[in-house]
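Next up: some structures, all given as C-alpha cells.
Next, two complexes with chain A in common: one pairs it with chain B, the other with chain C.
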Partner chain A sequence: MVKRTLAQKLWNQRILVAMALPFMVWMLVFNFAPLMGWSMAFVNYKPRYGIFSSEWVGLKYFAEFITDNRFYEVLRNTFAMSGLNIFFGTFSAIGLAVLLSEVRSTAFKRTIQTVSYLPHFISWVVVSNIFYTFLSSEGLFNDVLLRLGITSETVSYMSKETSFWGIVTFSQVWKEMGWNAILYLAAITAIDPQLYEAATLDGVTRFGKIRYITIPCIMPTIMMLLVLNIGNLLNATGFDPSYLMGNDMTVNYSENLAVYAYTYGMQMSRYSMSTALSIFNSMFSLLLVWSANKLSTRFIEGGIL
Partner chain B sequence: MKGKLSYRSPSERIGNALLYAVLTLLGVLMLYPFWNVFVLALNEPLDTLRGGVYLWPRKFTLDNLRQILQMRNLLTAFINSILRTVIGSTVSVFCIMMFSYCLSRRDFVMRGLLQRMVVISMYISGGLIPYYFVIRNLGLLNNFLVYIIPFMLNAFYVLVARSFIDQLPSSLRESAQIDGANDLMILIRIIIPLSLPIVATLVLFTAVDQWNSWYDTYIYTKGTDLTTLQYELVKVLSKSTASIKNYEDVQSRLLSGGTVTSTPQSIRMAITVVATLPILCVYPFMQRYFIQGLTLGGVKG
Partner chain C sequence: MKRGLSLLLALMLVIGLALPLAGAIAEDARPTLTVFDFTEELDQYLINNATTIKQMEDDLGVNLEIEVVSGMSTEEKTSTMIASGDYADIMFRVDERMIEAGALLPLDDLLESDGQDVLAAWGDSINKLRYPDDGNIYWIGSPRNRPEEITDPGACLMVQYEVLDKLGYPTIKTLDDVYQMLNDYLAIQPDLNGTPFIPWGIWADSWGYNHTVNNPALWVNGFTDDSNAYVDQQTYDVTYFTATDYFKNYVSFLNKLYLNNLLSENAFITKYDEFNSQVASGRVLAMIYNASLASDSEAALRAAGMPERCYARFPILADESVVDRSNVYCESYDNGVGISTSCSDPALAMKVINYIASLKGNILFNWGIEGVHYDVIDGKRVWKEEVAQKFATDPNYRYQEGIDCLGWWPLYYGSMKLDDGDYACPQNKQAFYGNADDWTKKVLDAYGITCWGDNFDTSGTPTPYGYGWTLVIQAGSDAELALTKADTVRHTEVPTVVMSQTQEEFDANFASMVDKLYNECKINLWEDAMKQAILDRMEIWGGQK
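Up next is the complex of A and B:
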C-alpha cells in the first residue's frame, strides 16, 4: 500500500469534508471564538477602543471579586443549590425507577411514566409561574396548611429568603425526577431475571431483592451519573431557576454564579468583570470535571471522558 | 404449580397497594399543577382572587383567553415562537444528523480533530459577554436568524445521534458506495431513513428547546418585532412579582371605583396555557422514541 499524503486523503473524501467543514467553522465561531474574548477580562474594556487598545490591567478584576464578600455569598448559594439538587435529584430518581420496576401492570406503569416526564418538557418560565401561584399567600399551599391547622397565618413563601433553597430544590426534583429515572429504569430492565427467580426460590422478600439485587446491579450507573453531576456542580442549577424564581427579597439566597455574571455584564455593563467571572466558572468547572474523571476511573473502567 | 405462583401473601398485597398508592400520588403531584393552571385560566378573574379555585372553574369564562388574543404583542410572539420552533428544529435536526454521520465514519480523515472539538466545546464555554460579542459581530442582534444559527449544533445531541448511527451495519454504506452513491446521498437515502427513532428524538428535543427559550429574546433582541411567547410570559411574571401585592393592587383599584376585567394573575395563567398546550399535546406520542434514543447513547454522552 502506497502511503498517501494528507492532501490526497482529503481529496478522496472531498464530499465528506465538504459536509463537515461548515460545522467545523460553526464550532470555531460559536465555541472557540468566545474563548478569545477572555482577553477582555485582563483589560479595562471600553467598547470604543476595542480589546487591544483598552488599558491592560492584568488580574485586577479577579482580585476584585475574590476580595468581595458578595462573591462568597454567591458561591455558597451556587454550591448549596447544586449540591441539594444533585443529592435529592439522584435519590428521588432512583426511588421512582425502583418503584416503577416493581409495577406489574404495563398500562399503569406507562401512564405514570408519561405523566412524570411532563414537567421536564415545560420551560422554567412556566414552572416558576406555577410555583409563584401555588406558594403565594392566597395560594393552595397556604390554604392547605391553614385548613390542617399546621400554621395559623399565611406566609408568602416566595418572598422569604430562608425558604428559597428548599423551593428551588423541590422544583428541580419535581421537574426532572421522571426524566432522570429513565436511565436508572433502563439499567434495572437490563438485570438478568434469573437473579430474581433464584432469589424467589430462596425465599427472599421483595425488599430483600431490591436491597441485594436491584441496587447493587445498578450501582455502576448510579456512580457514573453521580460523577458526571459532580463535574457539573457549578452549573447544576442554571441561570433560569435562580433568576426566574428569585426576586429582590430573596436575592441573598437566590443569586448564583450565572446570575451574578449576568448582573455584572448585562445590567451594569461591566464587561471585563463579567468575563473574569465566566473564566473563573469555566476553569473551576474544568477542575471539577477532571477530578470527577479521576474519581470515576476507580469505579468505572475507562472513565467518563 | 400455576396456582402456587399466582398466590399472593397478605404482606405482598399490602405492599402492592402501597406501591400503587405512592405512584398514583406522584402522578397527581406531577399533573395537578397543570390542571390548576387550566382551571384558573378559565375562571373569572375577580372570582379567582377570592381564592379556593382548585378542581373546577367556579365561574367559567373564556374572557382571559379572549383578552390575551387581543394583545398585539402576543400574536407576534405566538407567530415568532412557532416560526422559530418549526424552522429552527428542522435546520438543527438536519445539521446534527449530517455532522453525526461525518463523525461516525471511522475512515474519515478529520474525525479525530472534529471529535476533540465537540468534546472540548462541552466542557469549556466562553461565557455570557464574550458570546454576546460574537453574536453582535456576526450581525445577529435584532435578527430572526439569532434563533436559528446558534442552535444548529448541540454537542450532546451530536454524541447521542452519532452513537445511534454507529450501531447501523457499515455494510449498508459500503454496498451503496460500491453502487456509486456519494456521502450526501448515503446520508439522505440510507442513514436518515434508518435512523427514524433518533430523528424523532432530535425533533422533539430541538423543538422543545426552541419553544421554551426566552433568554435569547431577552438579551439579543430589542423592541417587540422578535418577541416570543415565553419571553412575554417572563415579562408578565416579573411584572406581577415585582409587587407581590397584586392582590392589594386590585383591591385598591376596586375601592376607588374602577372596573377590573382582568388581573395579572389570570392573564398569566392564560398565557401559561398557550405556552404549555402544544408540548402537552405532542410529547406523549414521542415517548417510545426518546426513551430508545436516550438509553442507547445518552449514558456515554
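Up next is the complex of A and C:
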C-alpha cells in the first residue's frame, strides 16, 4: 500500500525526479563509490596485487596509530593549532569587517579591503619563506628588537618549538583575515538600514550600534561558519603551514595529522596506513559537526544543518 | 563587419590548432619514449635540451621526453606514481619500492637481446644487481667494477683556501686540529666584510642530516658508508649508529663548537638551497660534507671572484689512532635505470640504456662531443680550454650541455679507464692539476700534492657486503617504520644534545634519546632486519671479496 503511494508520488513528480537523477548518479559515482577504497585500510595494500588480493590485516593499521605515543602529540598539535586558528581567525575577521563597515570613505574602504585579502592568494611556500627570513637570527625582526634594545641577543624563533603555534597562528591570521572578512562584510551589508536609522533617532552611539545591531544581526553567519569550522577542526590548519613552516627542531609541536599521514603513510608508500588515518579523520569530523550543530541550537533557533 | 571579424577569428583558431599538429606529425616519424629522472641535483632539469641528449636521440632515431624530478619531491613522486600506476617508459634512479609495486620489467632477457654493451661493461658484477627476493635484475646502475683513482673525494673535511693560507697551511688531521684552526682564523679575521662567518657548516634539514651530521661521525671513526648502521665486522650484528658511543663522541665535538659560538643553532633548520647560498657567499669556513655536493657552490664562488673561498679536501679523524676509510670503495649498488611495465617498446628502451653504457655513450656523457667539447691530443682526450673554464665558473653549464652530470646513469662515472685505455671522466688525476685555477694550484703545492685524492688512502679494507646504505629493507615493514620513527627522533633530539650547556646535561640528553630510540621507536626491529639483509646479500653474492 505504502509502496504504491511512493511509486505514485514519484510518478507524479517524474519531471523533478528526472532532474535530480543525474546529480544522484553523480553523488553515487564520485562520493559514495570511492568509499569502497576504505577497504584498503584493512589490508596490507600492495599496488601490484590490488585491494582485494592484498594480505588481510584487519585493524592492524588502526591499532598502529592508536598505540603510537606520537599520534597523541600530533592530535594535540592539530587541535591546538586548529583551535587557535579558528578562534583568532574568526574574531580578527569579524573585527576587520565591523571596522571596515564603519569607514565612511568608500575609496579608503575598498583599498583596505583589497590590500587585506591579497595575502590569501600568496602560496604557503612563499609565506613560509617570508616568515623564515623575517624571524631568522639574522632577520629583520631580530634586528629591530636588537636596535631598540628590547633584546640583548638574537633568537632563532623558527627553531624554538614553543613559539611554533604562535607563529603559525599569526601567519594564518595575517594570510586569511581579509579573505574571511568578506563574508562577514557581506552579512553586515545585508542588515536593514532602518535599524540603524531607528537607533540614531533613539540616540544610540556608534559603539552601541555595533554592540546592539551589527553583531546580533550577523550572529547566524558567525555561528554557521563556526559550526562548519569546528567540523573541519582536524583539517583546519591543513598540510601546508605545518609542513612548510615546521622543521626538524619544531616537529614535536608542528606535526599535525596531515603531516603525520604524509610522513608515515604517503612518503613510505604505506597507503593502507594513510587510509586508516583518513577514516579516523572522517569519522571524528562527522562527530564534531554533529555535536557542534547540536550545540548551536542553543544560540540559534533550529540549528544550522 | 561583425561577420568579417568572426570569420577572421575562426580562421585564426583553425590555423592555431593546425600548426602544432603539423609539427607533431613531422616529429612523430621517430618513436618517443618518456623518461623520468629522479635526482638530488636541483638544476638537472636543464638536461632536457642538452647537447649530448640531442646527439643520443639522433644516433638512435628516438625522441626522449625527460621529466626531471629533483630534491625532496622524488619521494612523493615515487609514491604518487605507484599509487596511480602511471609510469614513464624509462625511469632513472629507481629503487626497490618500484620493484615491489610491480612497476619494473625483469631485464635479463632484454639484456641478452639488446644489451651487449651493458653486459660487457658489467661482467660478473651484474650479479650484484640481482634483487634478493627473486634473483632478477630490475635496474642497471653506474658500474664501479674497475680500479678507480680518486681525484676529488666524496666525503671529506672541506676547509676554505683562505683559512689555510692565513694560518700558513697547517696540518689538519683530527677534530681537535679543526677546532684549533677555526679559533685561530677567527682571531685574525672575525668577519667577511662585516657579515659574520659561519665557522662550521651544517644543514640538517631532510636528507642533509645524513651528509652533514650522521656520516661525518662515520668518517672520523674510520667506517665506510653504512649510513644508519654500525655493523660489527665479525658477527654482523647491527646497532643504530646514532645510539653508539662513536656517534656520541662526534656529537660532543659539535657540542664544543656550539658552546664556543662556532656552530649556529640555525644549522639544524637550514635547508639545502639556503645552505648552498651560504657556501656560495663564502661565509662557511669549514665543514665535513660530500665534496661533489658543494661543487656547484664552488663554481659560483669562482664566478663571483672569490676563488680563495673555495675548499681544500682532507681526511678527518676523531684521533690519530683511527685509520681513515671514508673513500674506500665497497662495490654495491642501490639504484639505477629501469624499464617500466607500461613501456611501449622495451627493446628500444634497452637500446637507449645500452647506448649510454657503451664506449660511445660513456665518452659522450662524460666528455661531450669531439671537436665541440674535447679534442684528441696524442691519443688522449682533452677538454677544450673554454669548456674546462666554463665548468669551473658556470654552475649550470654541465647540465645545459649534459656532460659530467649524470652520476646515476648506467655509465662509468669517475676516474677509471675505459676499454680504449683512456680515462672515462675528464676529472682525472692527469687533467685535474692542469684544469685547476691558481688558488687551487697554490694550495695543492703547499701540501705537496697534485690533486685532492692524493690525501686519501683508498686501499683500506672494504666490507664484504658493500655499503650498508645500499641494503634493502622491505618497504612498508615494521622494520622500515621503526627506522622512519627513529629518524624523526634523532632529528629533534640530536640538536637538543648538541645544544646542551653542561656535560651532565649532555649525557642526560643523549641517554634520553637512546631510550626513546629503543623503547618508543623499537629500532631493534630494524637492527635485526638489517643484520638479516647483510647475511642475505652475502649469500647472493656467494661470499665474494
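Operating definition for what follows: the second predicted complex is superposed on the first by the 255 of 305 C-alpha atoms of A that agree within 3 Å, B and C clash if a C-alpha of one lies under 4 Å from a C-alpha of the other, contacts with A are read in each partner's own complex, and residues count from 1 in each chain.
Operating definition for what follows: a contact is a pair of C-beta atoms (placed from the backbone, for glycine too) under 8 Å apart; a residue touches a chain by one contact, two chains touch by 3 or more.
Predicted model, so just to flag it, every value in this text is computed and none were measured.
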Touched partner set for A:143, first chain B, second chain C, both or neither: first
Which superposed partner A:266 touches (first chain B, second chain C, both, neither): both
Which of chain B and chain C A:31 touches, first, second, both or neither: first
First, second, both or neither for A:212, with chain B first and chain C second: neither
Touching partner for A:56 - first (chain B), second (chain C), both, neither: neither
Touched partner set for A:156, first chain B, second chain C, both or neither: both
Partner chain in contact with A:91 - chain B first, chain C second, else both or neither: neither
Contacts of A:72 with chain B and chain C, given as first, second, both or neither: neither
Contact residues common to both interfaces of chain A (with chain B and with chain C): 136-137, 156, 158-159, 247-248, 266, 271
Residue numbers on chain B that touch chain A, as the complex places them: 12, 15, 19-20, 22-24, 26-27, 29-31, 33-34, 36-37, 40, 49, 51-52, 54, 95, 98-99, 101-102, 105, 107-110, 114, 117-121, 123-134, 138, 149-150, 152-153, 182-184, 187, 208, 211-215, 219, 230, 233-234, 237, 240-242, 244, 247, 265, 268-269, 272, 275-276, 279-280, 283-284, 287, 291, 294-295, 298-299
For the chain A and chain B complex, residues of the former touching the latter: 6, 9-10, 13, 15-17, 19-20, 23-24, 26-27, 29-38, 40, 96, 99-100, 102-103, 108, 111-119, 121-126, 128-130, 132-134, 136-138, 140, 143, 156, 158-159, 174, 178, 182-183, 186, 206, 221, 224, 239-240, 244, 247-248, 261-262, 265-266, 271, 274-275, 277-279, 281-282, 285-286, 289, 305
Chain A-facing residues of chain C, complex: 75-76, 78-79, 82-83, 85, 97, 100-103, 204-205, 209, 264-266, 268-269, 475-476, 480-481, 484-485, 488, 491-492, 495, 520
Complex contacts: residues of chain A adjacent to chain C: 44, 46-48, 64, 69-70, 136-137, 156, 158-159, 247-252, 263-264, 266-271
